[in-house]
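Just so it is clear, A, B and C label the chains in written order, and each chain counts residues from 1 on its own.
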Amino acid sequence: MADKRFFSNSGPFTLAELASASGARLKDGAQHTLSIKDVAPLETAGSGDITFLDNVKYVAAFEKTKAGACIVREKLAAKAPAGMALLLSENPYHAYAIVASMFYPVYQPQETSIHPSATIHESASIGEKCEIGPNVVIGQGCKVGRQCHLHAGVTLSDGVEIGDGCTLHAGVHISHAVVGRRVTVHHGAAIGQDGFGFATSAEGRHERVPQLGRVIIGDEVNIGANTTIDRGSGPDTIIGEGTQIDNLVQIGHNVVLGRGCIVVSQVGISGSTKVGDFVAFGGQAGITGHLTIGSGARIAAQSGVMRDVPPGETICGSPAIPAKQFHRQTVTLQKLAKEGQRNDDAA
Amino acid sequence: MADKRFFSNSGPFTLAELASASGARLKDGAQHTLSIKDVAPLETAGSGDITFLDNVKYVAAFEKTKAGACIVREKLAAKAPAGMALLLSENPYHAYAIVASMFYPVYQPQETSIHPSATIHESASIGEKCEIGPNVVIGQGCKVGRQCHLHAGVTLSDGVEIGDGCTLHAGVHISHAVVGRRVTVHHGAAIGQDGFGFATSAEGRHERVPQLGRVIIGDEVNIGANTTIDRGSGPDTIIGEGTQIDNLVQIGHNVVLGRGCIVVSQVGISGSTKVGDFVAFGGQAGITGHLTIGSGARIAAQSGVMRDVPPGETICGSPAIPAKQFHRQTVTLQKLAKEGQRNDDAA
Amino acid sequence: MADKRFFSNSGPFTLAELASASGARLKDGAQHTLSIKDVAPLETAGSGDITFLDNVKYVAAFEKTKAGACIVREKLAAKAPAGMALLLSENPYHAYAIVASMFYPVYQPQETSIHPSATIHESASIGEKCEIGPNVVIGQGCKVGRQCHLHAGVTLSDGVEIGDGCTLHAGVHISHAVVGRRVTVHHGAAIGQDGFGFATSAEGRHERVPQLGRVIIGDEVNIGANTTIDRGSGPDTIIGEGTQIDNLVQIGHNVVLGRGCIVVSQVGISGSTKVGDFVAFGGQAGITGHLTIGSGARIAAQSGVMRDVPPGETICGSPAIPAKQFHRQTVTLQKLAKEGQRNDDAA
């Protein structure tokens, strides 16, 4: 059960309501009117809770769970404890996401509330039903959509636009940006600052190059805590619709990220690299500037990408190479080192 | 001498007082009543100062130091300049830490002081002798212990609890968390935000999964500047007592870190990984999710850990392997490359 | 054309004015009095704009640009579209930087402006013509030079000094530091916090070591968003004049960076490492503590540097080795893996 100090529960719902919303199918024997009061992990769920099984590492926990209901793939249903109500889904985690969001919907303000300590320029426009927290600063000419929630200490520099339904968490700083709808930005993310652009004279003096582009962020983008997204140098930096960016990620100037990309924590994408749709970047991967990464490519964690990546390719290593080749090299080196060791031992 | 603009000195102390507090032993000839006025590095210490020698790289500086006293291992004592008072310790750096903390104790407020610009919800409870800086925001139902120091712009979201004697530096944002006693959090750290949890539909739409856990932080934990610690997805994210976390570290949802771990800057630990006690992570190491890292393991800098690590093991490389094996592979590759080079040169 | 919501243009200028300021040479046929209204990228520039060609990857765009004028190397001038005015330079990007800064100069406040929500200690001194934004906090004994611009939520802890002409963006937190002139610090950077210094007792208890040094930042340094620079432990942490630091970089205690260094995003430099002048660090490189990196060295992206680096050396890999050796090893491993594959295929 989620800690009531931090979370409030919109339930209960019947099993049929949860199945219908999530697109899961009730397994024979599951009672449509069963009242489900909460979501919970396998280990701690009780008879009023619904849980899910997605990662096979947790089958043992599934077999022992005391949950009243569980979302599971059909092929694993047989391992369920006796008497548990099952919702069958080919994508249990996705169905669980919908179910859990019914119990714990994203907070959206229902009336206008502007803290007296906020500093809002008279020329800024704020949509209906926004909640503006303490010490928020909104600059000249800013436009904030409807039902936005700006937590304490958020700063929007002059001219910034934010679409409807956005949540900006405490300490987010945005400048030179146009942000879409239903975008979430977490604690301390920095968006729109100068790109790392300078030109070096023959004497070694670094002259800053004015960065004259913007950051354009599509609808339903999520941006993690303390992540940094530089504005473009002339062209814009663009984050496509639905792209999910984790904490402490660096996005350089003029980078274009397509739709639905996943960028895990501590990834760095250097300036002017163009990324297609649905590309996944593993944690700490680093991408050189001025590259093209095709749609559907998968960049393994800690990779160092120095060349263009074709659509759909999976690459690993630093410098990054196709995954098969990387694994072959890994195995080859392992084998050679062992042979060397045996020779040394024999000598 | 520490810059008086930034530091104030609680000394002087006698050599005997310093030895007694730090557990060091006065070497024969050291005068018990010698008055020590300050701590200083080997290079700049003068006759009223105490210094220390720990890293053998600095023996040359030790031989030339003008310090009045020095904490040193017995076996290096002979290299001391003539006439210098010596405190012998098997752990000179630890003894120095205690001595330096006598001269420069951590600031603890001695009376209640709440800046008029702070926004504190009427339902929040604030312990005795807290110092609450400008623009601090403390939400509904928060509990702050005794003698806490919240610097400018700290934000505690609704329900957050902070134990006695904590120091939260400027711009720290905490939500969904229960924090122990004597915890220090540095500038801009972000604690308790949503984990990176979403489920992807068949059409590629990423649905956020409500993150219903908390962050639980043990006593005497230190958390570095701009570090990010996500709250659990259902289970909690847990940081064990005495664990030291450097700057720009990412801790994913549901991670459990044991007691006394050391996590150097820019490390990333992915979701649901469980770490034992006294594990050391070198800088920029990355750890995949859902792993178990045994107590006392040592993860080298820049490692990429993709498998469980047994207790006490030292691992290196990306993907990470036992240190011995890694070094053997490094040497093998070096040798083969040289042979190839010789063959090419001969050809 | 830069978005007027975010940028204002100080032009137009004549071609001769731009050439003279930037040190570029008008190619025969270019009209001295041609009025240039703006800068723009090759792809979008129109007849009133000046653009530049530096990276040969963009020659095709150059051949098609509709710009009225372009800064270009002499050897590429022949590829220019007919009728375009050319400014010849051996360093087109540097000349462009100067030209663009004429159109879009760095904002410098021209009169004193202190927001009423700022909290400034009575003992602090603020130079002429400073602009101090909302919720800025300036502590006891701080000194701020002339024409500084402190954006919303900046915090200067007691004793901090800032030279003339500095720009500190929103949410920057500085303590224990002396900052030079014309320094820019981006959103959320954290400067002057405790270094990661502690000593571990035999029982595994980590005792924090008071960090008694400062951060000293030279003139014309740039510091990126959410970057962290720890203060010295006794000696100071020093950033040399003109050094450019990108986002999310970690600089440990006692690090000395020379003049004109370039530190790309997500680099980590561990404590007490000394770096010469004009050293370039590629993104995500990690440097062990207590090393010496010679002037002019180049550290490739993602390198893991574990040994001293001679002046001028280029190194790669983790652990890092000279670039030639690294490439030889990469090629050797590639070859051996292919041979192994062929043998397996043949078997």
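Everything that follows uses one rule, which is that contacts are C-beta pairs under 8 Å (C-beta built on N, C-alpha and C of every residue); 3 or more make two chains touch, one makes a residue touch a chain.
Keep in mind it's a predicted model, so treat the numbers as computed, not measured.
The copies chain A and chain B differ by a rotation of 120 degrees on their C-alpha atoms, rounded to the nearest 5.
In a homomeric contact, the two copies may use the same or different surfaces; for chain A and chain C, under half of the interface residue numbers are shared, pointing to different surfaces. Note: centroid distance chain A to chain C, computed from Cα atoms, is 27 Å.
Shared interface positions of chain C, defined as residues touching 2 or more other chains, are 117, 135, 153, 171, 188, 226, 248, 266, 284, 302, 318, 333, 336. Those residues of chain C whose C-beta lies close enough to touch chain A in the complex are 2-3, 5-7, 39-41, 43-44, 55, 57, 90-91, 93-98, 100-101, 103-104, 106, 115, 117, 133-135, 151-153, 169-171, 184, 186-188, 222, 224-226, 242, 244, 246-248, 259-260, 262, 264-266, 277-278, 283-284, 301-302, 318, 330, 333-334, 336-337, 340-341.
On chain A, the positions that touch chain C within their shared complex are 117, 119, 135, 137, 141, 153, 155, 157-159, 161, 171, 173, 175-176, 188, 190, 193-194, 196, 198-202, 204-210, 212-214, 226, 228, 230, 233-235, 248, 250, 252, 266, 268, 270, 284, 286, 288, 290, 302, 304, 318-319, 325, 328-329, 331-333, 335-336.
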